[in-house]
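Chain nomenclature is as follows: A, B and C, assigned in order of appearance, with residue numbering initiated at 1 for each chain independently.
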Amino acid sequence: MSTLVARISAEPPRRRAALSGTALAGLVLAALAALPLAAEAAGLPFLVVTATRMMIFGLAALSLDLVLGYGAMVSFGHAAFIGLGAYAVGILDAHGIRDLAVQAPAAAVTCALFALVTGAISLRTRGVYFIMITLAFGQMAYFFMVSLAAYGGDDGLPLSGRSTLFGMRLIEGDPALFYLVLAVLAVALLALRRVVASRFGRVLRGSRDNAVRMQAIGFSPLPYRLTAYVIAGAIAGLAGVLLANQAEFVSPAYMSWQRSGELIVMVVLGGMGTLVGPVVGAAALIALEEVLAHYSDHWRLGLGVMLVAVVLLSRGGLAGLAAKIGRRA
Amino acid sequence: MLNLFLIQALNGVQLGILLFLVAAGLTLIFGVMDLINLAHGALYMIGAYLAATLTAATGSFGLGLLLALPATLAFGLALEVLVVRHLYGRDHLDQVLATFGLILILNEGVRIVWGAAPMSVPVPDALSGSVHLVGTLHYPLYRVAIIAAGLATALGLHLLVNHTRLGMRLRAGASNGPMVAALGVDIRRLFLVVFGLGAMLAGFAGAMVAPILSVDPGMGDSVLILTFVVIVIGGVGSVRGAFVAGLLVGLADQLGRTFGPILLRSVMDASAASQTGRTLAPMLIYILMAAVLFFRPSGLFPARGSR
Amino acid sequence: MTPIRNASRLATALLGATLLAGPAAAQGQGEGSGKVRVGLMFTLSGPSAVLGEQGRDGFLLALDTLGKKLGGLDAEVVTVDDELKPDVATNKARELVKRDRVEFVVGPTFSNVLRAVVRPVTEGGAFLISPNAGTSNYAGAECNPNLFVSSYQNDQVHEVLGKYAQNKGYKRLVLLAPNYQAGKDSLAGFKRSYKGEVVNEMFTPLGQLDFSAELAQISAAQPDAVFAFMPGGMGVNLVRQYRQAGLSTIPFLSAFTVDESTLPAQKDAAVGYYGGANWAPDLDNPQSKAFVAAYEKKYGSVPGTYAMQAYDAALMIDAAIKRAKGDLKDKDAIRAGLKAAEFQSLRGSFKIGNNHYPIQDFYLVKAAKRSDGKYETQIAEKIFSNYQDNYAAECKMK
């Protein structure tokens, strides 16, 4: 499809990187696990909240990477899944069902079904049409939630409190929620690593790089793309479950098209088709927002300039720019 | 009930015409340059702000509108040369990112230059009354003027696209771009002209609605999404498709908004019906779009023969 | 070097840089003695920003008058914009309480935002003073010991107009409000004192600026009068489009639609239209006159109830801290002080009820052009005296 994707896929396998990556991952995990204690000691307990948000959006960006980075499907409606997941929590909560053991599967199944139906229609189209039809489905979900007056409509829905886990109020505190999100993110990351390394993942990447060749050797890309779309939807739904718990509030705004745009930015900023990259990208974008917003109301201007500059200054997209920086460093 | 239908149909046409004005340029940009330009709605916003400022400066809406047109054209041309030009032939994802960045820049820029509070433009005195239709029915004269101006523009575009040399190149570019370039047409200039024209049309639409809507940062975002729907339903690259789809979307939205609740009222109580119906209306458009794409994945009037 | 790893490196570098800058940005710790931290949360962007700006300016004016002190303590103010987005507001409220560690939050402007911030603020241990939004749920069963409202219960202003419509003998009405909590409260309040027929009840998306669909229905229904609740930019557009649609023969009653925040844009189009309020700039008492003069001098525009209520919120906090002798840790004393409301309200008669909502007078007001060319609302008649909302009995607090 593109220069950007071609460039990434043209790279040799990254076995060496993966090995050193394991040690690095352990180190990062240990550092993250110590964060709540360190933040408390430094008198900055709010850092935990920010870090939790980073990881939640990291999880969502990670799921988008499966679609965008490995499937080369530019989905502009991914935020809808976050919203649906969040609403699964909100709506169940409003009916007195507060346990994650029910909420999380409900969210994942709802999102998987929504992804199955919309994906089946969207994947009939390609290119610009795919971008716009996913956008339209996202907007449709958005307006559906806006219309659900019984569950707050436009105004959103405050939760009665954070979810319980098997009847216990485990994630009442911010550090506890932080550890839960960290665990979910780590599991999702490992699981998706296996998925992309599996036969399924190889077909998906093969279809991305050369759909005609894959078809010639007997693989129809559609079922693989659809499966990836559904898996990504379900994971984004889990991110929504966590987001609802973090904010203790559910709102249609979670599924606005700007949010979908931001998710794409996170994935591309961090590096498409790398799984870890989008998580870092999400953290970077949220950190940027936190800090810039503190200095100026007009922080979005800075983000916009950065995006345009990054695309314009690099021949092969963001990855190309990073390569340039890397060579210089 | 019939009266209501008539008025809502007129409102639908007015919205449809407006969407067409924005969509016409964008569909050509998609079709001819294969560029996905998320910032097109921002040009609509810029048009509205320029018209508001120039109206305030000159004291006349007519003059303000007249000056806003070349101003948005110039803005569009500058944008093309500075940023957009470098996105032709790039990956769609790069285009999405860069133009998403442009939206952030332009929305924020407008907030910095004009402030966050909305601006308002008075309706010109000559057009501030209402037209008597039938019985007790009145329709605002200014909205009639929007419809008329939009239809005139549509006619002009039709002539331009179908009966001029430029139009021929446009159509050729939309159906097979590389071939046009191979035949020796200066594709750079063609692209510049198309982008400028599209910007001016969007700016014109923005300037026209300035007196009936308040002008605020972010006004382009809502229009952008509706415009996408119009383009996808109409078929990328087709001005005729944009016209038909614009009217379709405008009518579906306006009639759905009013008659949805009325139909729902027979099955639920008035305030619940009104709330549900009002928000089902915007969904209706997307359902329409999904349905069209399901049966015709390239829209109603696909301009491009084969891709 | 693979591009992939380098893309991550770029992001990592960004992340590192911003995290380093983070702690610098996250200032505001340390229990400085003799200091009180107040978070202001208003809608400062979008079409309804004028309302929030009035609230913020009103509070800051009060602070100036009090010598930048509240109850004798140096006041430190953090202002945030809720963007009229409940999801944004809920995060920012948490930031104010947990990161900036404010003792009081004053805000928000809109009721849907109020619902999103009550829990994060009050459960975070701060007091929430709402200078405008006053939803029915918090006035009744969900009343909250750490939530105080310095404005009114939303329904009350609408009850004023319902009573007026009833008194005028209108038989068939069309009602119009945005689709959010205050909009629903508005129509509920109106119908409490208006007993005639409601031909049509219309809810529009919050922030909608094109009323052609609604005006078409009004034109088709030909009611005796229209009652609308359309705050901020929505009201500006509605009033202008109402005239353009040729509907000005149908009387137009409204709440928060024609007031000091919208009049500068509506100008003559709104003159003569009626509204309801708990105060108007021409209210005849010395503190109110001084406030209006000071506000106009400092900000160059006529203050509306939004500014007045935020000004009173500052006085309320000032009085509470004084009563607690400056001890911010003694939450019970502060709460008792807020409830006692020992200050001279700009409204004159003002008390806080058991549900922490005010008990006050309400007036029918009329938009007018002043001799200096500015527009303001003026009191036409007093409709209710020392009026308490209808939900107070459902609140268990004493």
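In this text, a contact is a pair of C-beta atoms (placed from the backbone, for glycine too) under 8 Å apart; a residue touches a chain by one contact, two chains touch by 3 or more.
Please read these numbers as outputs of a predicted model, since none were measured by experiment.
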item	value
Chain separated most widely from chain A, comparing mean CA positions	C
Between A-B and B-C, the pair with more C-beta contacts	A-B
Distance from chain C to chain B - Cα centre to Cα centre, in angstrom	35
Between chain A and chain B, centroid-to-centroid distance (C-alpha), Å	31
Two or more partner chains touched - positions in chain B	111, 275, 278-279
Chain A residues counted as touching two or more neighbouring chains	146, 149, 153, 268, 318
Overlap residues in chain C, where contacts from two or more other chains coincide	45, 179, 205
Residues on chain C engaged by chain A in the complex (per definition of touch)	1-12, 14-15, 18-19, 21-23, 25-26, 29, 45, 81, 85-88, 90-91, 94-95, 98-99, 112, 115-116, 118-120, 179-181, 205-206
Complex contacts: residues of chain C adjacent to chain B	44-47, 49-50, 53, 179, 184, 187, 200-205, 209-210, 212-213, 216-217, 219-220, 222, 233, 236-237, 240-241, 243-247, 265
Touching residues on chain B, where the partner in the complex is chain C	1, 3-4, 7-8, 11, 14, 111, 116-118, 120, 123, 128-130, 136-143, 212-214, 216-218, 254, 257-258, 270-271, 274-275, 278-279
Residues of chain A that touch chain C when the two form their complex	7-8, 11, 14, 17, 42-47, 49-50, 146, 149, 153-156, 158, 247-249, 251, 253-254, 268-274, 276-277, 280-281, 283-284, 287-288, 290-291, 294-295, 297, 316, 318-323, 325-327, 329
Chain A-touching residues of chain B, taken from the complex the two chains share	30, 34, 36, 38, 83, 86-87, 90-94, 96-98, 100-109, 111-112, 221, 225, 228-229, 231-232, 236, 272, 275-276, 278-280, 282-283, 286-287, 289-290, 293-294, 297-299, 307
